[in-house]
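Two complexes come next, and they have one chain in common, subunit A, joined by subunit B in the first and subunit C in the second.
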Partner chain A sequence: MREVAVLGVAMNRFGVSQKTNLEMFTEVGLEAIERSGLEPKDIQALFLGCCLGAFEEGQAHIAPFAHSELGLPTGSPAVLMECACATATVSIRNAALLVAGGVYDFVLAGGTERATLMGTPLATRTFAMASHSYYESTVGITFPGVFALAAHMYAAKYGIGLPELKRHMAEVAVKNHKHALLNPKAHFQKEIDVETVLNSMMVADPLQLYDCCPFSDGAAAVVLARADRAKEFVKKPIYIIGMGQAACGALSLQRDLTVVKARVEAARQAYSQAGIGPEDLDVVELHDCFTIAEILAIEALGLYEFGKGYEAATKGETALGGKVPVNPSGGLKAKGHPIGATGAAQVVEIVEQLREEAGERQIPGAKIGLVDTLGGDFGTVCNIILRR
Partner chain B sequence: MREVAVLGVAMNRFGVSQKTNLEMFTEVGLEAIERSGLEPKDIQALFLGCCLGAFEEGQAHIAPFAHSELGLPTGSPAVLMECACATATVSIRNAALLVAGGVYDFVLAGGTERATLMGTPLATRTFAMASHSYYESTVGITFPGVFALAAHMYAAKYGIGLPELKRHMAEVAVKNHKHALLNPKAHFQKEIDVETVLNSMMVADPLQLYDCCPFSDGAAAVVLARADRAKEFVKKPIYIIGMGQAACGALSLQRDLTVVKARVEAARQAYSQAGIGPEDLDVVELHDCFTIAEILAIEALGLYEFGKGYEAATKGETALGGKVPVNPSGGLKAKGHPIGATGAAQVVEIVEQLREEAGERQIPGAKIGLVDTLGGDFGTVCNIILRR
Partner chain C sequence: MEYPIPFSRYQEHMREGRFVGVRCGACGSVLFPPRAVCPECGGRAFSETELKGEGIIRTFTVIRVPPEGRKAPYTIVMVELSEGPYVLGNLLGLNPEEVGMELIGKRVLMKPQPVAGDLLLRGEFLVPGFYLV
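Then we have the complex of A and B:
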């Protein structure tokens, strides 16, 4: 298997956009290709993620239209992948595997989503279709509900009072909003404090409004290449050194909602392939769709022992300047969450950090970073480890 | 790149089903795995196609749930792909590329669809989202409309009177219905004649009801493996010797609706990789979503010169016993068209023909066969060539 490098990356400002998915992805795709020192004719395949296109814009089968707008050659196939919130990460991983396997030398992968058109309540209900339609969504489960259950279980399992846990959860939101202040591409650029979170509207007890990420519009793209040719095109290629992806079925199979089984397995694959452990990571972008989700993720990724992660944000250990900065971009919580684009934006952030091009939020000397994306209510997890 | 073999294949009877996508795909997936001499624990990745799951069943993100029902290991990822009607073929092609590239040794690929729940008029409108949402579907284009335009253009371009062309088109339907009589898995098992077609309800002039394939429910699955180990598991592995996939954007870019640009390119790739030409094919399963579509396909695949394919069915050349049997399964027209499963069922038919296990519709001594699947209004074409 060949080594795979990331050449150019690009994303737009996440938030509320009047642009279509095709417009957004074409813009970031062309920017990523240009930053790679390539032209559209050089791209041998497109792997695009988009989850809600049919619902938000009446556009299914978007991949060949994006392909055409980008000016890619007819002989270069366009494939749409969908794995709920992990969509773009899965697209990038499969694209990277095809480069590693020698099928392609240069590919474009990423995602796009308009998630604000229908409004948050309807989008929440619509997106609940990514949970199990027989056991879960039809009986009223939505994603805020699942993570609310996980927060209750976390508090009970580790004997932490719920008010105490909620304050620590709020610190996750405070940290990620603070990070986003340094990220001009972030959806939210608004400093908040613990009281902002605790005084906000209740969404799904114990999750309040500021425990929840927003739906956002946005797009992000990365160009992947065979590593042995990367330096012909860019000065600072970033290398993919480990990847993992795992699946789990309905929520009932999780047994313990505080430990996402697919993440434990996906992370094991990625660390094993990279030949490193969590202690080697300088920066992490992970799936903080809710504040409790960041706590669950830092534990399953091995940054903290199970039951020990909840104080990390409060202690400042996961903030910029802390032991292992988590979500320097602002995360899903404050950078925003355009579903099918989220994983690609996580890769963009890690690549910019490892290139020391992250501006005010740069982690000095960051050499190795990890991307973690969760799809659905724990059905899919995909991890990618990158190094400079 | 390694050679890739097909081990076990399976499909259910296409038609109107009360089963869910998960039930249908689990049944055919387990059957394909068993026929491969494997167990679910041996499957290293699942590639599943499904287009309308969110609309028909409120089930997006179906791949990890299918993965779980099949009993695949957590570490084996589940990926959903979507390329309109070419969905399953694209899933199989990408799965095969990952086996060829050495990423996986044994994978399950295929598709499932419930396309009858909402009824044909609403399904037609819903599925029109696979055309371009800005230039096409929003101005009223549906797939019957696109192929009706193509039929008019074909008649005009080659100076054939429309009544004459319609009789030849009707012969395609007659042939494929006749083939389906020999296929116990076919949606329709009903002999028709040219008058049946010409007296049927007008759908989109000149396409009448019997010029159009039905929406069907169904699922199909194939197990792919590294070819060097195939004979450890099955007596008659079938080998993938060529594949192609190409993309084209909005319909306006086609210039000539009688020549599907993506098909010309995808077929070129597949023939080139296989080192054969159309004259070497013993059997073809191609995308006859409408009768005119079969005529366009046999021409772009090189079985007939452009403008010469319209008489093929009338002359009996594409029937069982003819020069090159096309759609011995009954095709989309009579076997049925469960969108996301269609391409996998085409592969199932070719594999059974090449194994001489096609029962009453067996083409004696068939050695090489081609699968052709079109996605959307010409946006995606995927071809796979197999040999015994």
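Then we have the complex of A and C:
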């Protein structure tokens, strides 16, 4: 297998967009190609993520339209990928595998999503399509509901009083909002405190509004290339040194919702390929769609033992300047979560950190970073480890 | 290959007030809802087995912001059935405003509960409903 490098990356400001999914992706795609020192004619394949385009804009089969907007050659295939919230990470992993395998030398991968167009009731319904349609969506489970089930199970399993756990969960939101203040691309740029979270409306007990990421619009794109040619095009290529992806079925098969089995396996694959462990990470962008989700993730990624991660944000260990900064971008929680684009935006953040181009939120000397994206009700997890 | 108990027949059983799953011929695991491959051992030879409908609540939530077409609040529970499988269902007969952590560990009985489908999944369905014992 050949080594794979990231050349140019780009994302737009997440939030509420007047631009269409195609327009957003065209902008970031062209920026990423330009920053790679390439022309659209050099891109040999497009892997595009967009989860709910059919419901947002009545648009299916969006990839060939993005392909022509970008001016890619007719001979370069365009594929739409969908793994719920892990969509863009999975697009990037599959693109990277084809570069590693020698099929392509230069590919474009990423995603675009316009979730705010749907409004909360329809967005809540369409997000729930990523649960088992016949056996679980029919009982009315929602995405906050899935993580709410996990939060209550976490409190019971480890014998932590719910009010105590909720304060620690709120600290995750406070931290990620604070990080987002330093990120001009973030959906929210608003400092909050624990009381903001605990006084917000209840969405799915015990998760309140500020425990939840927003519905966002946004797009992000990355160009991947064979590593041996990367320095011909960019000064600071970033290398993909490990990847992992795993799958699980319905919630009822997963049983212990405090341990995301797909993440344990995906992370094992990625660490093993990279030849490193969690202690080697300088920066992590992980899937904090809900505050409890960040706690579950830092544990399954091996940064904390199971049952020990819940105090991390409160102690400041996962904040910028802490032991291992988690979600310096503001995370899904505050940077925003345009589901089909999220994983690519996580890669953008890690790449900028490793290039020391992250501005005010730069982690000094960051050399190795990890991307963690979860799709659906723990059905997919995809991890990518990058190094400068 | 014939799918052991398709959703349509699972629904027929529910309409008769019965919960029918399958027992793995290789390892004895009970699968409910029914499946084609045993997640425990990979076995694919099954016999049908009727469940008692008894179980213990392992976790829960109260949905306050519902998907389009549903009315909140309502309570969702994840229950470990006495035969082993976990199942997601609605907790009924208890005001959602009155539930809390004390639910976890409580014994429940499963009864079919009708729900209406919507534009995305058309039809009328029966889902597991649970009542505290």
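One rule holds in what follows: the second predicted complex is superposed on the first by the 388 of 388 C-alpha atoms of A that agree within 3 Å, B and C clash if a C-alpha of one lies under 4 Å from a C-alpha of the other, contacts with A are read in each partner's own complex, and residues count from 1 in each chain.
To be clear about the criterion, a contact is a pair of C-beta atoms (placed from the backbone, for glycine too) under 8 Å apart; a residue touches a chain by one contact, two chains touch by 3 or more.
In this text the structure is predicted, and so the values were computed from the model without any measurement.
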Self-check item: In the superposition, subunit B vs subunit C on subunit A residues touched
Solution: B
Quiz item: Given the touch rule stated above, what does A:Gln273 touch, subunit B (first), subunit C (second), both, or neither?
Solution: neither
Practice problem: Kindly classify A:Ala78 by the partners it touches after superposition: subunit B alone (first), subunit C alone (second), both, or neither? | Solution: first
Exercise. Give one of first, second, both or neither to describe whether A:Thr196 is in contact with subunit B, with subunit C, with both, or with none.
Key: neither
Quiz prompt | First, second, both or neither for A:Gln362, with subunit B first and subunit C second | solution = neither
Quiz item: With the two structures laid over each other on chain A, which partner does A:Gly249 touch: subunit B (first), subunit C (second), both, or neither?
Solution: both
Quiz item: In the superposed arrangement, does A:Ala156 touch subunit B (first), subunit C (second), both or neither?
Solution: second
Self-check item: subunit B versus subunit C as contact partner of A:Ile141, first or second or both or neither
Solution: second
Practice problem: For subunit A, give the residues common to its interface with subunit B and its interface with subunit C. | Solution: 129, 133-134, 137-138, 249, 253
Self-check item: Footprint of subunit A on subunit C - complex, ascending
Solution: 7, 33, 39, 58-70, 74, 76, 78, 80, 85-90, 99-101, 104-105, 115, 117-118, 120-121, 125, 127-128
Self-check item: subunit A to subunit C touching residues, read off their complex
Solution: 120-122, 124-126, 128-129, 133-142, 144-145, 148-150, 152-153, 155-156, 162, 201-206, 249, 251-253, 255, 257
Quiz item: Touching subunit A in the complex: which residues of subunit B?
Solution: 1, 20, 22, 46, 51, 54-55, 57-61, 63-65, 67-69, 72, 74-84, 90, 94, 97-98, 100-103, 127, 129-134, 137-138, 245-250, 253, 261-262, 265, 268-269, 375-376, 379-380, 382
